[in-house]
Amino acid sequence: MRDTLRWAYALNQWNVRLDVFVRHEDQQRALKTVSACGFDTIELASGTGRWDNISRPEVILTNHGSHAGFLDFLRRARVQGVSSMFWDPQAPAEEEEGYAFRSTADPDDADAIVEWSRPFVDFVAGVGAEQLVVRPVGSAWMTPPLDADGIKRVGDVWNRVGELTSAAGIGLAVHYDCLGAVHTEAELTGLLDATDPARVGFALDTAELTVGGIDPVAFYRAHADRVAHVHLKDTRHADTGEEYRMPGAESTMLKGGAGRRIERWFFELGTEGGLVDVPGFVAALREHDYPGWVVVESDHGGNPAELAMLNSWYLQHELGIAK
Amino acid sequence: MTAPERAIKWSYMDHWRSNGPSGPVDQWHSRKTMSAFLKQVKAVGFDAIDTFDFRIWQMYGDYGGPAKYQEMVQDHGLERIVNTFHAADYDVRNYAPHVPETHEAVFEDFRVTMGRWSEIRLDNIIVMPATLFYDMEPITEDKLKYSAECWNKVGEITAGFGVKLTCHHEFFCGIQSEPDIETFYSYTDPRYVNLFVDTAQHCIAGLDPVALYDRHAHRVSGFHFKDTRHVATGDDHRHRPDSEIMAPTTGKWFYEMGTDQGLVDFEAMMRAVRDNGYRGWISVEHDKANKEGGDYSESTAISRWYAKNVLEEIYR
Amino acid sequence: MSGIRWAYAINQWKPQFDDFVRREQHERALKTISIAGFEGVELTYGTGRWEPLGNPQQLAANFGSVAGFGEFLRSCAVDAVSSWYWDPAERSMEDLTGPLSPLAEADAPAIAQRAGLLAGALAELGGSVLLVRPVPGAGDVEPLDDDALARVAACWDAAGRTTAEHGIRLALHVDFLSALRRDHVPALLDRTDPALVGLALDTGELTAGGIDPLGVIERSGDRIWHVQFKDALAVDDAGEYLQPHAHWTVRVRGGAREVPRWFAEPGADGGLVDFPAVTRALLGAGYSGWIVVESDQSPHPAASALLAGYHVQRELRPLVEEEPA
């Protein structure tokens, strides 16, 4: 995309099950699709094990030998580089003490989580990406409500990781999602206040904020100086207020319809009935000379190639961005 | 993206399926699915579309005719409809190019068809120039001559509407071998009958599409760039009742340009297009891309990626 | 034990004209139907070389003969073709004929002849019922007056006479777009010969048309010669079936509400049909014959067949089997 904003595309939508998106030729086809849609930079998302060979840093390196080898793999498809990588330390991973379950809300877990971040910091820096994007805290339904002290403890973990990312010359951005224990606008602002602005930025996801009941445009305008990374996607639904607390909300709410027969939450830009004011949001980014990456994604919403092409069309024809 | 100085522009031939709530649907399913199709084709940089003749009913029924439908195409940033493919129901009893007694039915079909399309400008109307192979065999010189006479006359009819008649030689049709194609063109009138080179079909039939193109470049009026991983063997081309989907050897003949293990040498083809001074449209097709787990959206992106990153480096 | 036999309709495997053409696909579908607990399969009429299971000529072209197809069926552990669905408005490429209309007296002999052809093949394949679309859609014909109903009745009586020569019954399948939907089913049935023409009860079509299948069983139970169990996920309560080309605009596209899917296999989430109640009512009416389960279309045909098989085995067949002999 030829624009003053920098556009990237998230690969997570291709990796929908543990046994798909493993073969290199499948990954090449996805990369070529992204490239044909006008994106020359991608975001990666963390995973675990030998089948997450475009997700887990150690496994990527096993597959491609080195950071340079991985970049060569991308460039075969005319994708030039990596903008960012997403990591959720709460998601159990084989490489992290054999699927140990740890949470940033538990002070006893802090040292381990900081240690776990090192392969990601090294990889993000090694492939020349800019941001390590993290899920700052686990799901709300799994933990007692966080008070101010709890949010401060979470912030402290990320301040420590932020020291590592700063030392490596990359950014750290905490990402809001609609199920997280940091849920309300007050809690989110509290988390940003509990982190060091010099080391920890905010990854603003337009759809996740909207589902969570926070207006992404207003939030961006109020916190533009902290926004280091953007995920641009749309949604057709907002949480009625308590659905994120449903036990097993990842399944019961996001996949199980939330008792409302909602088959799908996240959509491509320009979707009919989309709740995100995408033109308004992008205009706000331009007003503030937003310097970071804008990563377009549609999450696990449908046919990945179709969604990438529809997103590309939207950027070109609704936002007037030349490919 | 449509800079006028380009020698080559890319059109997308409209085979398409997407997954609907009740199973696969084509883009003609609804205005929404049509819009999504056109957006995807445009997003990756195609300039225009080709279509099928039998879609004219949906153009009239849903959009108010070809001109109105073309307006929708143009509203999505695409230039126009370039070619239409005339998929006829050949039957030796009433409609067969090698059976002179049926020619009047063929001519009348084209008079009516061209009238239906006359509200827009088309470059080509594309035909399979023969019945299924098994309905024409043995392929004799007489039958090739009758077929040529049929298309000479049809070409005169379509020319009257400003549209070129062009022949697309499916590997399973009666005129598909190199000698038969040569004999056929020796009897056709170059003013009225053109060749439309489908890279995969010729390759499956065991011909070198580049050499064929080079021999007939002066009368080539367009291309389908698609790939295959298989050359027909044995009776593949004359399998009853069908070769295209039912050949026992091969469940899927056609793949998008840029596929792994493709047999067509597209770089050589593009050099030939350049060296013959061809200017105009190349159509990209991946007929039945959704067979065996394939996906039209992805195939469309991959083929356009290949055109942009490989072929346009040779000639654009 | 009642005389009820369970079959599954194969049409859901063919969403588009170039799908479901190859032999190995047919084999996998038939094996799926078999192992899901169904002993028969219902075919849908089609024409041309990409419809290998569409008509007797194509069966012969693909399997050597109709009997050859029967052997193929049995090799997949399916006992019989229960029934064949045919809409005379479908053209025939094999016979070079266009649409035939039961409203046109001149078409009646050709309709009877074609019905006889299909019935002959059905008889060879162990089937018992030819289902027909008795009239076009409501939006595509003038309202049916007495004369029209008389012509239609005469047409199907004649066709029924032909199928009976093969031991095959002819059943009128009234779908939710039918010109018979509003009030005319009894009017047509009453004009036909009960020895020659019966009714096919399609739970999904009736429900989508706002008609309670239990009411039909109550009124016309003695005329029911065939049953199709499919579920309805929506009702055309705005009368959209009266629009022209409703087959395309309403059935396929979902009408003004853009209903994503009208029909599904019995027991599907959101289904409107009470299948245990319908099953009990059929038993009460003394129904004996095939119950063909279908989903009509499906995003995942094999899953639909297996889910339907589960539902039949766990919920419906026990109702049938507990009936005193």
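Letters A, B and C name the chains as they come in the text, with residue numbers starting at 1 for each one.
Everything that follows uses one rule, which is that contacts are C-beta pairs under 8 Å (C-beta built on N, C-alpha and C of every residue); 3 or more make two chains touch, one makes a residue touch a chain.
In this text the structure is predicted, and so the values were computed from the model without any measurement.
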item: Best-connected chain pair, where connection means C-beta pairs in contact; value: A-B
item: Per-chain CA centroid nearest to the all-protein CA mean; value: B
item: Chain A and chain B: spacing of chain centres that average the CA atoms, whole Å; value: 43
item: Length of the line joining the C-alpha centres of chain A and chain C, rounded to whole Å; value: 50
item: Centre-to-centre distance between chain C and chain B (centres being mean Cα positions), rounded to whole Å; value: 37
item: Sequence positions of chain B contacting 2 or more other chains; value: 19
item: Partner chain C, residues of chain B touching it in the complex; value: 17, 19-26, 29-30, 61, 89, 91, 93-94, 240-242, 245-246, 251, 288
item: List of chain B residues in touch with chain A within their complex; value: 1, 18-19, 32, 36, 39-40, 42-45, 76-77, 258, 260, 295, 297-298, 300-302, 304-306, 308-309
item: Touch list for chain A against partner chain B, complex; value: 25, 29-30, 32-33, 35-38, 77-78, 272, 302-306, 308-310, 312-313, 316-317, 323
item: Sites on chain C touched by chain B in the complex; value: 12, 15-16, 18-19, 21-24, 48-50, 52, 58, 61-62, 93, 96, 245, 248, 252-253, 258, 260-261, 296-299, 301
